[in-house]
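Letters A, B, C and D mark the chains in the order given here, with residues in each chain numbered from 1 onward.
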Amino acid sequence: MDNPKASTLASAGKFLGPFLPAVVVFLVAMVWGTLASPFFLDIPVLLLHSGRYMEIGLLALAMTLVIIHGDIDLSVASNLAFSAAMLGLVYESGASIAVASVAAIAVGTTLGLFNGFLVTVVGLPSLVVTLGTLALYRGMAQIALGDQAVTGYPDGFVGADQNLVFELIPLPLTVFIVMAVLIGFLAHRTTFGFVSLMLGKNQVATMFSGLQPKMNRLIAFALSGAMAGFAAVLITARLGSTRSNLALGFELLVVTIVVLGGTDIFGGKGTIGGTVLALFAVIAVREALAIQNVNGQIQDAVIGLILVLTIAVPVAVSRLFGRVKVSRRKALLGLEKGTTQ
Amino acid sequence: MTVSLRCEGVSKWFGESKVLDSVDFSVEPGEIHALLGENGAGKSTLMKICSGLYRPDRGFVEVEGQKQAFGSVMDAQASGVALIHQEPRLFPDLNVMENIWIDFRGKSRGFSLKSVEKQTQDYLDELGCGVNLRERMADISVADQQLIDVASALRKDLKVLIVDEPTASLTPLEVDRLFAVLRRLKKQGVAIVFIGHRLSEILEISDRMTVLRDGQVVGSIRADQTTEDELASMMVGRNIDVADSEPYVSRGSKVLEVHNLSATGKFRDVSLEVGSGEIVGVGGLVGSGRSELLEAIFGVRKKSSGAVFINGVRIGNVLGSIKAGSGLVPEDRGRNGLVLKATLVENIILPSLRTLSLFGVRRRKRELALAEKMISELRVRTSSFGLEAGALSGGNQQKLSLAKWLAHDLNLLLIDEPTRGVDIGSKSEIHTLIRKLAARGVGVLVVSSDMRELLSLPHRILVMREGELVGSLPASEATEETVIKLASGVKVA
Amino acid sequence: MKRMKLGTKSPRSKFFALGASALVAVGLVGCATDASDSTDSAPAEPTTDSAEVLEIVYIPKNLGNPYFDNIVAGLQEAAPELNMTVEVVGPAQAGATDQIQYIDAAIQQQVDAILISPNDADALVPSLKRAMDAGIVVISVNSDMSAEGRDLAILPVDFTTLGDFLVELTAEVTDGAGDFAVLSATSTAPDQNVWIEGMRDVLAGGAYPDLNLVDVVYGDDAPDKSTNETNALLTRYPDLAAIVAPTTVGVAAAAQVLSASPLKGQVQVTGLGTPNEMRQYIKDGTVKAVALWDPKAQGILAAHLAAALINGTFTATPGASINVPGVGDRVVNDDTQVITGPPVTFTAENIDDFDF
Amino acid sequence: MRASMREGRSLARNLARFRDVGIGGIVVAVAIAFGAVNPLFFRPENLFAILLAVGIIVVLAVGQMLVIISRQIDLSIGSTLGVAAMVTAMVGRDFPDVPTIVLVAVAVGVGALLGAFNGFLVVGAKIPAIIATLGTLAIYRGLVFIVSNNIQVNPSEVPSGVTALARVSSVGIPPIVLIGVGVVLAGWYFTRKTMTGLRLYAVGSNPEAATARGLSPLKFQFWVFVVMGALAGLGGLLYIARYSTVNPADVGSGFELQVISAVVIGGTNIFGGSGSVVGVLMGVFLVGILANGLTVIGVSGFWQSAAYGAIIIIAVVVDTLVRRQMSSGGRKEKGELDG
């Protein structure tokens, strides 16, 4: 039996592979931004601006876990809006900002559980369920706040996103990094994360090994809801006011970031690290375009183009050079997909 | 009179294992030629080559004298060869008419489903299939689906009809109806290849028989010149190269007790016991409910009544049975047994996650150590641990699915077709493994359609037929004839 | 599965050819008509030497809105002689939080002044405060916001009197009697809400006893939503006398619905609309009169005020006054706001004299 | 034992056949409810407004149904419609005397081109449909801005031939509605009466079996996107006729949610293989009546999107229960695996 260590080089290649697109996009964007304007490469400012994206970052962390199972949650942005509305109403009814924040996270988690219930217990496809709750939760937020806004949050809370940790890292970025480490630990170091990955690869075979799929998928949806609640707290601190049209269209950007990070949309493959890298790649692209006064829609188009190329380029490359490489590798291993009935 | 279908010197390899070894086989028009052999003998592969699904590595296939280079199933169909699968692959959302006429290639002007409705109804009446043309395919029984598959083949001037294991899930009534159809097609000059297991059925329907064993033609005889016993022995072959297990010495304790277990539509009122260190074999034909029995005992299939005890502990669900130390190696390795897209290590540690982790946190070193131990102990040949299970050969995959259960303290091993699609080398390794487990006191319940394996490996053999336990005999008294007769329902002499 | 039969080309390569041609065509369409990737910056180069060129950024409510394009025209007309460059950037949707990204980018580029038409009176305050702390002049254009978020506000018309003016305009077209409804922009737009409050106060004052406001609906400055809301109003209130839309998008949508409906002429449409957009409906009699002001003048005024504030020749305190060529003298009122000028009413007679 | 199984199944089969009629029933019930609350709901002008709105959505819904039947989805239809509408409106503005039929060709052509690009991404570059069209949703929206250089096309610049499409024509029915009816009939004819239509269902119902029967799923998956693009282009032209203002930011935005909801409510199985034009038409009417009815009875717009979401979930729950009961055990797992 040949020595397994000889293959670590191959597995290292495999390890870096999924992160390549995100890293390339990040570097290209940083270089492009620096060339485009002298004001761009100002790390403290860039870090400050990244605070705006940390709500999307939190949503992307939980969405990675949901997609690893082979599910999807399109309702995260509407969930965020309704949780923020609850935060505002609870605060207005006299509760402290801390109680209101906890209420927002609790509400978010409950909405996430409702998604999970419909998908795992009733057995509906997650794409259609969360398409429904995307509209349902946004409507609930609109009913809760109507055309009014909730303002008058305490000073310490509003603008909290401006304080720096160790004079460099803005608070929201720190919160995001902490959550990324926690969810990363859950996804890659615990049995829960391992089972999620295996369920994504083959749910029946994993069940035959004695592991229950319902509980794992339900927890993933609940976590996605909790992150929406948490993000609601962040956005309220950043804006200092709450309206029902918050976070419109966030869900599409979140899915783009998760897929850019190397997670397979059909489940079974994906890392939190990849998602974090992809988030910073998207921030770099946005900042590089913003410094050149490129308006919002063109920025979204560039991100959409990057998403499409992330998947198309490897396929094209493997198709062009693959023909030789693949056939030789197969001959080497003497493998041919046999029909083992 | 030219031969309808001829294979000459056809050979085929899958990875290292040679599945077909220069096979010659031919069928005349108006003849029913049966193809026999145990599982893994290469029957289905040969027929897949004739029906254009695979290309032969060596040799060629001729239809009515013309050499065929089948690029695709469509070319085979164009040349008049049709294959009816055991589970016909049809379109559940479409109705009967649509399923039959979906690949209509003629000029489409003037053609509409209405215009051929009468013609289709005649086909079906002729085939004795009383199905309403508007019914959705999802609502139709397997027996009727087969006839519809035949009807869609009849539409294109059919020369050769290959029927693969058609009677497996049919009731006797439906088998008679199918045979009537085959006889009618025979009269119309269609050459028919019948792949089957039930010797009595084969003798009843076919004119000539060819027996395949380990990819080679063992013999070709006319139906009226042979008997079931001769056929059985040809299938099994004299030199049983599998060593017999030593007689079972009871250790008193019962590892598995099953009391009148049943699952609607699959099996009824099964009671059995497996002692510690005892290997109990379960014989029977495809579709007799053996796999479903194992799944119900293990807990992944709902049981409608009855009880299962492992080491005296009553089992409720799969979690309970695994905690009680049981493990299932299912029949379909690719779909249920292993996660093909996951690595070797991931597959091995999957059932033992709880023991390998601390408060839910994985301990990578401990996992790697266990995996290394299992891979070396079961001699799984692999270039690296990072390799995906799907890239392994059949034999290594089976060892892997055993390894994952041996990784945690096993009391009861449920194993379904242990050596199907496995190369000869791995076959004996797996048998010695199972015997070593039994020696350590593990109870083994093994389902097998490989006659030699069934007769030699277990201490005691049970036989199931159409969902019922019909016989139990110690290995010493069992012979292939008695087992085959019990399995196929022929009155025991 | 072996390669497809050699005879026919494999289907996948056919798609490559077909798809590749589509890709090229899409690319061509894209760049053939692509002027510049962002809205064009100041066309004329500033006349004086570039040492102290004033860099200002204008962030409209959303891009593609013709009303704000006219303000930009005013800014760009005044820019050269003020030795100023104007960058126009903004979101596509008039969302509350979408403008923040552009404020931050402007701060990062250390521009001299930020002019903004806010989508939300409160959400932008934190980031605009950061801009002011960074020494950047912040002017709210075309509508106001909470005072601590800007140095000065430029209003197209005196908001406090616009309510009267709109009611007066409604009375004019409905001969002073009947129910009328208001079709507004987004529910969060600060200018709309101020004007509607103004209208409510006037009606409460009893000056127009027979006129009553029955409903306020929101078209979100989107043509299709405004059209749906107009249809709903016509159905809910069959004997509605008029629909008043204090937003150019709303009044155009309402007019378009009425011009194609049997109720044309019976249900009046009025409000704030640009001549170019409303000319067709005034000519075909669907609309008797609409009012607005010349946004370009507001643009010129904004440019001059920005330059003056940057150069320190003017301080944004109540009572201060400034003379702007082509617009005249303007005084800062007590709420540190500057009024561009009186609204202009466009009717069939005078609509052709205006082109914006 | 076998006989009892057969009765169970026949009951389920009738349920499926009545599914389309079922939605029709709900549509009528909802309409009557709105009418009861505010009789003015049934005024000709209001029904006229509903027909206009439904006219555009149904054109897109028929296309989306075909895409979903082939086991795919197209999220980019809103932006595709946007690009087609903008290009056509600009052509109309710069060449006022060009005949309307040319404008129709431009709109459908641009749409088909964008659809072909989607098809190329999915079939050629092997990108899953949901991801490819999520990408082109943003790319095409950016294209609308680039093509129009952020300049809006105003009502006065839209050729009268186009706006006439939304006016009450000599026949008494606006051409938009006639075009909508035409697309529905074409969709019905294609899916029910042609062999190609039947093969589309087959490819969606069981791709492996389809390949074994000599059909090419790839070919279908590609052409379905081209047809969807063309219909979205046609939708773009109808958008210009109805709203006559083509703003780069608004044109077509949010259409994809409305259309996919209508198709799902209309009983099209999200996993492919089944769906009926009649069901989709009912789904579109339900969405149209809801959007209009809620505003007419004075429920503030805020309740609208909540009602939307609730209806989608209820429709999917009912659909799954019917489907599960019909094939007793469902297509996915064989037998009753205790999972």
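The working rule: contacts are C-beta pairs under 8 Å (C-beta built on N, C-alpha and C of every residue); 3 or more make two chains touch, one makes a residue touch a chain.
Computed from a predicted model, the values in this text were never measured in an experiment.
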Chain whose average C-alpha position is farthest from subunit D's own: B
Chain pair with the higher count of C-beta pairs in contact (C-D, A-B): C-D
Inter-centroid spacing, subunit D versus subunit B (mean Cα positions, whole Å): 45
Between subunit C and subunit D, centroid-to-centroid distance (C-alpha), Å: 33
Rounded Å distance between subunit B and subunit C, as computed from the means of their C-alpha atoms: 73
Touching two or more other chains - residue numbers and ranges from subunit C: 37, 39, 63, 92-93, 218
Residue list for subunit B, restricted to those that touch at least two other chains: 72, 300, 318
For subunit A, residues contacting two or more additional chains: 146, 204, 207, 295, 297-298
Residue ranges of subunit C in contact with subunit D within the complex: 11-12, 15-16, 18-23, 25-26, 29-31, 33-35, 37, 39, 62-66, 69, 92-93, 217-218, 222-224, 227-229, 231-232, 234-236, 238, 249, 252-253, 256, 260-263, 276-277, 279-281
In the complex, subunit A residues that touch subunit B: 1-2, 4, 6-7, 10-11, 14, 189-192, 194-195, 197-198, 201-202, 204-212, 268, 333-336, 338-341
For the subunit C and subunit A complex, residues of the former touching the latter: 37-39, 41, 57, 63, 87, 89-93, 95-98, 100-102, 104-105, 107-110, 120, 122-123, 125-126, 130, 186-188, 218
Interfacial residue positions of subunit D with respect to subunit B in the complex: 1-2, 5, 9-10, 12-13, 16, 193, 195, 198-199, 201-202, 204-206, 208-215, 269, 273-274, 326-327, 331, 335-339
Subunit C partner contacts - residues on subunit D that touch it in the complex: 38, 40-41, 43, 45-46, 49, 53, 87, 110, 113-114, 116-117, 119-121, 123-125, 141, 143, 145-152, 154-156, 163, 166-168, 216, 218-219, 222, 239, 242-245, 247-250, 253, 291-292, 295-296, 298, 301
